Each structure stands twice: as structure tokens, then as C-alpha cells.
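Naming follows writing order (A, B and C), and every chain is counted from residue 1.
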Amino acid sequence: MTIGAYDILEKVRAEKPLVHHLTNWVTIYDCANIVKVFGASPVMAHAPEEVADMAGIASALVLNIGTLTSELVDSMKIAANSANKKGIPVVLDVCGAGATAFRDRKSLELLNEVKIDVIKGNASEVARIAGEDVRTKGVDGGAVGRDLVEVAMELARDRECTVAITGEEDIVTDGRGTYLVRNGHGMMACIVGTGCMAASVIGTFCAVDADLARAAAAGLCCFEIAAELAAEGGPGPGTFKTKLFDCVHGLNRSQIEARQKIEVR
Amino acid sequence: MTIGAYDILEKVRAEKPLVHHLTNWVTIYDCANIVKVFGASPVMAHAPEEVADMAGIASALVLNIGTLTSELVDSMKIAANSANKKGIPVVLDVCGAGATAFRDRKSLELLNEVKIDVIKGNASEVARIAGEDVRTKGVDGGAVGRDLVEVAMELARDRECTVAITGEEDIVTDGRGTYLVRNGHGMMACIVGTGCMAASVIGTFCAVDADLARAAAAGLCCFEIAAELAAEGGPGPGTFKTKLFDCVHGLNRSQIEARQKIEVR
Amino acid sequence: MTIGAYDILEKVRAEKPLVHHLTNWVTIYDCANIVKVFGASPVMAHAPEEVADMAGIASALVLNIGTLTSELVDSMKIAANSANKKGIPVVLDVCGAGATAFRDRKSLELLNEVKIDVIKGNASEVARIAGEDVRTKGVDGGAVGRDLVEVAMELARDRECTVAITGEEDIVTDGRGTYLVRNGHGMMACIVGTGCMAASVIGTFCAVDADLARAAAAGLCCFEIAAELAAEGGPGPGTFKTKLFDCVHGLNRSQIEARQKIEVR
């Protein structure tokens, strides 16, 4: 069974949606560039005076708390309110949740005060948001005791949103159906930024497809197939990252249909 | 006819001017690195307590409002005042003007409160600053109804400065003469950062040549010839960007004289 | 004589220490990624509400004042206090000291108010911190009149810390013994970021070895051997940087033992 990942990618390339980000200062370039090489249009803006206007001309909003401050989260709320009013999807990467109490508290503030449409993180980040007693090592995932699909589904139902847990096997669920995406390559964990880029890709795909779980799964699948292609020939992590942008840019239907490994439950 | 682009590049490499930036957080590395590979010396500093001192030891100042805040613009004014007093050129990249009212307002504040020597942007950004009723899609250009050379010349005369509109054909004018630079490659539009780097290159070249329109045109020409060389063999966008730094570093007289496409009006 | 650089690298790869940074916005990605490709775990966090907690779960703290503000330095002090209490090493990159009075003042504030375990900089930066009357050109080193080993040793004794001066020959001393590391390649000075990455590497190696001078020298040696390998074949600066990450990732015992050039005094 296929979820038409390539068809959604074609929509991204045709519609070139504007994807507004308030993200972290480490991977901000990569977040912008991955949106660009997917054929869409990134914009980064965080001043409280303009975020509502910028979200108002965008087709999706991506929030990432990787290097959060209180002021940045305040701007995120303003942007998300504007996005909520306009009805565009809001993706929240709970980057580093489970590492400090501040990240947990600010993540929950966002979830409670605005409508988040997609929660994205690695296993321990999402589990922490779901109330599990886990520890994240900075922004690198830690062990989670419970079944991850269950954690994701419960959180999706509780928050009435889509949840995406990235890892060797990505779990994407809206609380009803679940997609397990088994594409990707171990080299993705050897460089900084693939997790943040994944959230930007989810935002980009959700900008053009109202079925957010399907869009998120399709985006992750395409991104990870590009990573598989970039890893061919066994490059080191620097070359791998360079080629990742090349391969996203060049993704075609036959590559995606031949490699797509998505289980739909 | 030639404007001696390579001669100005040689001056950059010999004098290694210090180019002080207050720029955006997305492409800040690329802005610094492009200055470095051109053989000059970049420095990024934005604290209000030090920007006057830093501009005071620099040979050019580059301002870019890509991820502006009110506080950052305040620092830009302090730095620009210091640059104005010292008599070094100030370049303003009106990144995203026309996307939000805040960007328009802050751009005009800068233009009204300090002396900007070079205004740089894409078509819709510069047209917005010139008072046209246009819309910028985030930081990606939108359509402009009027003749762009006319828009640029009027703005240059009004503001008594040099104006550089980048695009497939770059327009550089000081309100008297005009340079049309027709170098470059479509791949430049496929990655994030080439526009911001162009402003840094303009600042670098203006640091060593008092004829700012000529220096800006020469800088754009050299940068875009490097892009043509980097695009040879049809690399994807990741590899293209890596090679762009290689090719800037390696630029020589014969490459520039063979490829330079500048119309002087 | 060998200082066992490869053995310390193996410890980094085995223990995967979490290295907390408050660094500059220009090279923040590179600082994180170099830690990652060395096999460790970087985290960047600067909010005053969370830096104590983040330092509290880390194994080393790296501070870099490249794009400092007063607020950021305040956060650095909170983080360093937490690191001091926990007993993990604190590395301070005095990036740009000697360029503005503000950088000098803030560097001294940090040195006076918290315990800095390793001071790192280029010749003019460290000399400035040591009280010499020198000038740094932005973040690029300037000339220093005195013998650098002497400057480093005196500063190390005065401040009871380790001092690392990077350059063609790196000087690392704890005021008793001194390591002179003669690895590296001229291409490192052609791109932005190698200096900042060097501080992150020092932090990473100090996270796993209590002899901080030895750890710092070992880290610099490994990083610079990777640079030598990356420079083979004469790549341009863009390609060199990409390959630098590849070569760090791939470093093995025979490369290090064959190339290591460390004089122990």
C-alpha cells in the first residue's frame, strides 16, 4: 500500500508554500535550506511585532524550542495564534524536552495556550511531553520504557493532534491511524540537524495536504529516502550532509516508489 | 568595456578589509565565510555596547534585516552612526521588505536616521522601499509592475545612495550611471543564502573602492562568475554551495575577464 | 614521546560526553557538529532559566564570546557556576578579545567571577587577556610582541588554569608543563569556524580526561590531523570544510600515531 508520498512532494514543488519558522539558532540555516531544496519557500522571523503578520501570509508554521528563551516562546505564541486563526498547520518540535524542567514547562505552555497540530520529537522528548518519567541527554534521545506507538497514540488523542516520533522507525499517528516509516540511514544520527530538518519537512508537507498524519509520514519518507541515496558509497558525515541537499532536490517518482517503506496500521 | 572587476578583487585580497556585520541568524555563517574566502576579514558583533567600537576599526559595515528585532535595529543605528562618522560605506540588505509592515517601517527608520550608502535587495524588496505597492513572499521576491532600472535610479537619487537590485540581471546604480550585471546561475536561487552573501560581497568590495556603484557591480560580477564555475557539471544544490566557496577562493583574472558580462549605461 | 591522543579520542567515542555550549551565533552549528562527529553529544542552551540545569547534566561547558551580549554573558556566569559546583571543566574561548573594550571587560568579568578551567584564543586574544597592549582585528589575530609560551605560562599561573593559544603552532600549558602542537594546515585559516571548533574540541576532550592540558593538546592534535587529511589533494575551502567533518569521523589510531607532532616541555 502506498500513501502517495511522491504526489504530495509534487504538490509541494508546484505550490511552493511559504513555511514560517521560529526555530533554534543552531540549525536555522539547515531548516531553511531543506525547505528550499524541497522546492518550497522558507522564512524565519521571530520579532513579536511581525510574527503574526508573517504567519498570516504563510501556509504552515514550524516552532522548534532547541535554543528557546522565554521571549522566543512568547513570540511563538503570537505566531501560533495567528496561524490558528488562519487555519494553517502548526508543527512543534519539542527539541530537548526531558533535558531541563524549563523545556518541559515551556513545551506544555505552548501546547496548552495555542493549538499545536503536529507534535514532533525523538522518543524521549515526546514521551516526556506525554508525561512519562524519562530523561533526554541534551537533545539526544534517551530510553523510554513504554511501547512508543501506544505513547504516540495516547498523546495524539489527548491533545487532538498528530504526533510524530522520529527514530530508526518513525511513528506518525493522529490517534486513529498510524504510519510506521522505516526509511532512513544511520548516518542521519552522525550529524547535527537531521531532527530539526525533519520538523521543517513535516511543516512543508502539511502545508499542502490537509491529512496531517499522512503528510507528515510522506515528508519523513521522502526526506529519509534522500538520506538513503546520500549515504550510497559510504561518505563521511560532511559529504553525506552536502549530498543530502542534492538528493532532496533531485528526488523523483521512481526513487520514492522503489524505496518507500511505510506500514499503515 | 570593463570595470576592472578583477583589479578590485585583487585590492580586496591585498588589503584584507575588516567587514563588520549586523546580519540575520540564518545565513550569518555564510555571510562571514564568503567575506573570508574572498580574502577579507569578517566580524559579526551586535551588542549595543560594542558595535560603535567594532565599526570604528572596520572598513565597511553590512546591515541585514533578515531576522530583525527592534533591539537589533537599535544596534544597527549605533553601528551605522559610527561608520558614518568614520566615513566607511554602509550597506543595507532590506531582506524581506514588503513581507511585513514591521520590516518596511524598520527599513525606513534606518534609511531616515542614518546614512545608508548602498541599498541592496531583490526586485520586490527594493521596490517596496522605493514606495511601490508590492508584496514580498517572505524573503523570496514578488512581481514588480514598473521598470526596475527606473525604480532603482529614482531611489538612488531620492536617497543619494547606490542601489543594487539582484536577480537574473543585477541592476546597480548611483542615480547617474547604471551597471547591468548578467552573470550568475539559476542554481543560486535553489539554495538559501546567496542573496545575503551578495550583500556581504558588496560590502567587501566597497571597503576598498570609493566608487561604490562600480565596486558593488564588480563584487556581484565576481561572486556570480564563481557561481557559474561552481555550477559546471550540474551539481545538486548542496554540492553547488560547497563548490561556490571553492570557486570564490580560486577566482583568477582569466576567469573573470573571459566571463564578465556587465553592461555600463 | 606520545601523550596518547588516540586513547583520549577513544574515550570520547566510548563515553559520548554531553558538552554544553553557550557560544556565538556565527559558528554555532559547526561547534555542535564537530562535537557530534567526534562521537560526543553537543547541546546548545542559553536561557538563564535552564543553563544551570543543562550544565548540571553535562560533562563539560564551552563558553565563546564571539557574538556576546551582556545578557548572554550573564547566562554564561550562571552556567559556569553550575559547572563549577559539579566540578566539570569550563572552557572559555576569548573570541575577539582585543578588538573592543567590551570584549575585554566581559572576558575579565567571566575570569574573575567564575572558575574558568581552560582559556583558549589566538595569539592576540590571549595576550590581551594576559594584559598585553595588543590589537585584535575583529576575530582575526594581530601581532604580539612577547614570547607566546611565556605569555601563556604566566597567564596559566596567574589564573590557575590551562591556557591554549591556537595558531600554526598551538601552545597548551597549565603553567607547569607545556605542549607544542605542530599539526594542522594553512587551509584552516581560510574558512570561518576552525578556531571556534577548536574550543569545542578542547571541551570535548577535557570532558573525559582530568589532565586538562594533556586533553586540550590531544584534542587539538586530533582535530588538526583531520585537517591535514582533509587538505590532501588541495581542495578549495568549501570542500576542505566538508571533508574536515568526514576526516574527524574517520580518524583512526594509525593516522594519529603516524602524524602526531607534539613537543612536550
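We adopt the following convention: contacts are C-beta pairs under 8 Å (C-beta built on N, C-alpha and C of every residue); 3 or more make two chains touch, one makes a residue touch a chain.
Just so it is clear, the structure is predicted and the values come from calculations on it, not from any experiment.
Engineer: Under the over-half criterion for shared residue numbers, do copies subunit A and subunit B use the same patch or different patches to meet?
Structural biologist: The interface is built from different residue numbers on each side, given that under half of them are used by both copies.
Engineer: Overlay subunit B and subunit C by their C-alpha atoms and let me know the rotation angle in degrees, rounded to the nearest 5.
Structural biologist: In short, 120 degrees.
Engineer: Hey, how far is the Cα centre of subunit A from the one of subunit B, in Å?
Structural biologist: 33
Engineer: Counting only residues that touch at least 2 other chains, which ones in subunit A make the list?
Structural biologist: Within subunit A, residues 25, 29, 241-242 contact more than one other chain.
Engineer: Mind listing the subunit B positions that touch subunit C in their complex?
Structural biologist: Touching subunit C from subunit B are residues 18, 20, 25, 28-29, 32-33, 36-37, 41-47, 49-50, 53-54, 57-58, 241-247, 249-250.
Engineer: Would you mind writing out the residues of subunit B in touch with subunit A in their complex?
Structural biologist: Per the stated touch rule, the residues are 24-27, 29-30, 66-70, 96, 99-103, 137-140, 190-193, 235-239, 241-242.
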